[in-house]
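What follows is a pair of complexes built around chain A, which joins chain B in one and chain C in the other.
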Partner chain A sequence: MALIKVEDLFFRYPQAKAPVLDGLSVAFEQGERVAILAPNAAGKTTLARWLAGLYPDGGLVAERGHVSMDGKPWPQWSAAERAAAVQFVGQVPSQQLTGCAFTVYEEIAFGPCNLALPEGEVRARVEQALAVCNLKHLAKRDPFTLSGGEQQRLSIAAALAMQPRVLILDEPTSNLDPESRDDFIAQLDALPAGLTVIVFEVALRPSLGLARRFMLLDEGRIVVDGTPETVLAHPRCIETLGMTAVARAAFEIREAGRWPEGLALPLTLAVAEQSFREAARA
Partner chain B sequence: MLDVASVDFAYPGGNPVLSDIAFSVRRGEVLAIVGRNGAGKSTLLRLLNGLRQPASGTVTVDGLNTADTPVHVLAHHIGTVFQAPEQQIFNAKVHDEIAFGPRQQGLTGAALEARIAEVLGRIGLADAAQLHPLDLDAAARRLVALGSVLAMKPPVLLLDEPQRGLDANAMARLEAIVAEEAEAGTCVILVCHDMDFVARRASRVLALAQGRIAADLPTLDFFTSDELTRKAGVEVPDPVELARFLGLPPVLTPSALAAKWLADHRSA
Partner chain C sequence: MSSRSGPQSGQTALLFLPGDSLLHRANPLTSLIFMLWMISAAAVLPTIGTTILIVAGVALSFAMGVGPRVTKRLVITMLPLLVALLVVHGFLVSRPDFIPLVGPLTYSPTGLEYAAQVVTRIGAMLTASLIFVTTTHPGDILKSLDQRGVSPGVSYLIASPLLLIEPFSERAKAIRDAQRARGLDLTSTFKARFKALPALLIPLITLALSDLDHRASILNSRAFRAQKHRTVIDAPPDDRFQVWLRRVLIVLAIAQLGIPLLWR
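Showing the complex of A and B:
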C-alpha cells in the first residue's frame, strides 16, 4: 500500500473560479525522496498542505477526491496522530515559530513535549535535531534574533524532532548557505532509512542533490513524474522553470548547431565536463 | 550615492554583528551582498535603510546621514523589499499597495494613476490591480512588494532575496527591472543566496564573513578566487567552474560560457 495517496483531488478555494488542484492523483512510498517542481501559482503550497493533512480544514474541502495516509483519509486522523506522522515546513520560517519558546532548544522541544514524551526522550530528540540542522551553537539563542536562514534551519529541526514518517518541505533550501544545505542533505542521508521526504521547489538545482524522483506540477496536475533527467528535459518544465546553468550553456551550443546529435544536455556540473569534452571531440 | 564609513554594530546585549564596514556604491551599480547564514547581511541592509543605527561610523544615503534622518523621510531615498513580502504589504488591493508610496510623495490624480499603471506593467500584474495582494501566489506577492517600492522611484533600491521562489517568467521580469533600474542610474543592492542570479546580474560583490568585509570586488574577480568564495562560504556558479575545468577564459553566465566554447571550437 502506498504511504500517502492522492486520488482524483479536485479543490478550489471558496469564491475562486478556477480550481487549484484539478483532478490530481499521485502516490508516495515509504522512504522516497521526491522533488515536486512547480511554476508560480501552479498549486504548490496548496498541494503541500493537502499532503501534510492540513486540508481539509473547515470550509476548505475537496469537491472531489481525497488524500489518505496508510489507507486512511485525513479526516479520520486525530491532530496528535497526524503531527507524529507527518510534518510540514512552510516558506516563511518566522511564521512557523511557536512564539512561546525563549531559546532555540525550547522551540525544538515544544513539539515532543506536546506528545507527552518522557524528558530523556525529548532531550535526545532535541540533541539529534540540533545536530542535523547545524544549530548546536545557537541552542541558547532567542529564535526571533536568528537570521532568516537560521530560522529556516530551526523550523526544519522542530519538524524533525517530531520524528515524523513524512517530512514535507516548501522550498527548504532557498535560504540556506551552501554549507548548511550540504550538511542538511548529508544529515538527512544519515537518518534512519524510511523517512519520506517531499520537497516543493521552484529552483531546479537545489533538489538535484536531495531527491531521486522528480515531478512537475503545472496548472493543478502532475504533468510528468520520473527521473530528474526526464523531468528537467520536459518542454513544459523548461518553459516554466528554465534550465540549469550548464544545461543552458549546452543548449545555446546546440542552437548554434555545434552540439552533437544524440548527446544529452548535461544537468549538473558533475557530468557537464565530460559532455562538453565529448562535444568538443565531435 | 551611498556611503558607509567605518561602521560597527551590535544588537543590544549581543556580540558585535558588524565590524569595520566601509564601502560606497555609485549610481548604476548592482552590488550583491553575499555570505553565510548569520553573516550580518540583513543587519547591514537595516543599517542602510535607517531601521538600525550604527554603534559607530556613519551611513550616508543620497547625501543624508541616516542618524539625522527619520526613517519615513529616508524611505523616499532608499526603497527596501524585505525577505518576506507579506510582512510589508498592508493594503487590501494591489492598486492601493502600489499607490501608497507615491501618494506620500504628494502625487495625485492622473499623475498618480499613470505611475501606478507604469509599475503594474513592469511587474506584470496589470490584471491583478483590484485583487487582494495576499490572494496572489508567493512570487506575485514579492513582485507587488517590489512594485510598491519602484513606484516611489528611489535612487537606491535594497532587495533582500528578491529572486526567491520566482519561476522563469517572474525571474525574467525581476532581472529586466534590475537591469532597467541600473541603466537609469539607480543604485541597486541585493542580498542574495542564489549565486547564478548574482553572476548574471550583479556588477560587484561585497562578501561578509563573521561581520567583516571579506571581499569587495567586481563579480568575475570574486567568483574566480577560490580563497575568497571559500572564506565567504558561497557556491561558485557552475559556468565559472566549468569554464575553468575546460580551460576556457573566465566567464560568469551560461551564455558567455557557450560563446567562449564556440569561439574556442570554431573549426571542427
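Showing the complex of A and C:
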C-alpha cells in the first residue's frame, strides 16, 4: 500500500475561476525522496498542504477526490496522530515559528516536550536537529532575531525533532546561500532512509542533490513523473524552469550541431565530465 | 545547555538582568509570591510603612545587583505622578484646611498627606514588581508553571505577551518603513503623526489576526496540548525550604489583607 495517496483531487479556492488542482493523482512510497517542480503560482504550496493533511480546512474543500495516508483519509486523523506522522515546513520562515520559545534550543524542543518524551530523549532529538541544520552556534538566540535563512533552517530543525515519517518541505532552500544550500542538502540526504521526503521547488540544482524521483506540476496535474533526466529534459520543464548551468552548456553545444546523436544532456557536474569528453571525441 | 534559560537569551527578556543573586537563584514561583506579599503589604500599610517598604525594596534591589535599573524605572515612573498628585491634592482641590502659603497661594496639609499616601503605595507596589521582573527571566516563569502541572494552554496564554513583543515590534518597524517609503509623513508635526496612526495600526492588527491562524496550525503540528503535561527541560530548581517559605508568604499576604478588613 502506498504511504501517501492522492486520488483524483480537484480543488479550487473559493471565488477562483480556475482550479489549482485539476484531477491530480499521485502516490508516494515509504523512504522515497521526491522533488515536485513547478513555477510560481502553479499550486506547489496548495498541493503541499493537501499532502500534509492541512486541507480540507474550513471552507477549503475539494470538489472531488481526497488524500490519504496509510489508506486512511486525512480528516480521520487526530491532530496529534498527524503531528507524529507528517511534518510540513511552509515557505515563509517567520510563519513557521511557534512563538512559544525564548531560544532556538527551546523552539526545537517545544514539539518533543509536548509529546511528553523523557528529558534525555528530548535533548538527543534537539542535538541531532541542531547538527543536521547547522544551528549549534545559534542555540541560545531568540528565534525572532534570526536571519531569514537561519529561521528557515530552524523551522526544518523543529520539524525534524518531531521525528515524522514524512517530511514535506515547501521551497526549503529559497533563503539559503549556495554553500549552505549544498551543506543542507547533504545533511538531508543523510537522514534515516525510512524517512519520506517530499520537496517542492522552483530551483533545479538543490532538487538534484536530494531527490531520485522527479515530478513536474503543470496546470493542476503531475505531467511528468520519473527520473531527474526525463523530467528535466521535458520541454515544458525547460520552458518554465530553465536548465541547470551544465545542461545549458551541453544544450548550446547541441544547438550548434556538435553534440553526439543519442547522448543525453548531463544535468550535474558529476556526470558532465564524461559526457563532454564523449562529445569532444565525436 | 546545562544552565537555565535566564542568562542566555536576548531581547525578549525585557527588564531582566542576568545575575547570580539570591533572587536570581530562587525558584520563579518564590520570587512571584514574594512580590505578591510585598504588594499586599503596600495595599494596607500607612504612608510611613509604604515609605519604609520602598526604601527596603530599593536596598534589596541593590543587594541583588539590579539596583540602578530598578531605581531608574521607579523614578521615571513615579516622579511625574508625585508632582501631579502633590499639586492637585495639595494646592488645587479645595479642602477645608487650606492654609495661606505665599501671596494668593494656599495649601492643604491633608491634601498633601493624601497625595503622599497614594504615591508611596503605588511606588511600593511598583518596586515589588520591578524587583521581580529584573531578577526573573520570563522563560523560567513559564517553565516553573509547566513544572507545577499548570495546563500548557494557560501558562502560554500568560506568557504570550512577553513572547510576542519581539516579532511584533519587528513587524511594526517594517510596516512603518514600508509606509514611509510610500510617502507617509511620520516626521513632522504631532498632528501629521496622529493622522498616520490608522495607516500603521490597521496592517499591524490584520497581520496579527492572520498570524493567529498560522500559529494555531503550527502549534497543532507540534502536538501542542496533545498530552496533559509537557516535559520541562532545564527546570528551575526548587527545595523544601522554598516551598514552605511560599506557604508562609501566602498566609501572611492573605492575613495582611484580611485583618484590616475585619477591624473596620
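As a working rule, the second predicted complex is superposed on the first by the 271 of 282 C-alpha atoms of A that agree within 3 Å, B and C clash if a C-alpha of one lies under 4 Å from a C-alpha of the other, contacts with A are read in each partner's own complex, and residues count from 1 in each chain.
Rule of thumb we're sticking to: a contact is a pair of C-beta atoms (placed from the backbone, for glycine too) under 8 Å apart; a residue touches a chain by one contact, two chains touch by 3 or more.
In this text the structure is predicted, and so the values were computed from the model without any measurement.
When the two complexes are overlaid on their common chain A, residue A:145 makes contact with chain B and with chain C alike. When the two complexes are overlaid on their common chain A, residue A:178 makes contact with chain B while staying clear of chain C.
Looking at the shared chain after the overlay, A:61 reaches neither chain B nor chain C. Of the two partner chains placed by the overlay, only chain C lies in contact with A:99; chain B stays clear of it.
Applying the stated contact rule after C-alpha superposition, one finds that A:18 touches neither chain B nor chain C. Of the two partner chains, chain C is the only one that A:87 touches; chain B does not reach it.
Once chain A of one complex is fitted onto chain A of the other, the partner contacts of A:113 are limited to chain C, with no touch recorded for chain B. 94-95, 145 are the residues of chain A that lie in the contact sets of both chain B and chain C, per the superposition on chain A. Of all residues in chain C, only 1, 5, 8-13, 137-139, 152, 156, 159-160, 163-164, 166-167, 170, 211, 214-215, 217-233 touch chain A in the complex they form.
Those residues of chain B lying in contact with chain A across their complex are 11, 14, 35-39, 41-42, 83-84, 86, 136-140, 161, 164-171, 193-194, 196, 233-235, 237-239, 241-242, 245-246, 253-255, 257-259, 261-262, 265, 268.
For chain A in complex with chain C, the touching residues are 54, 79-80, 82-84, 87-88, 94-103, 105-106, 109-119, 122-123, 139-142, 144-145, 158-159, 162.
Contact residues on chain A toward chain B in their complex (touch as defined above): 38-41, 45, 91-92, 94-95, 145-150, 153, 171, 174-180, 202-203, 205, 239-242, 244-246, 248-250, 252-253, 256, 258, 268-269, 272-273, 276-277, 279-280, 282.
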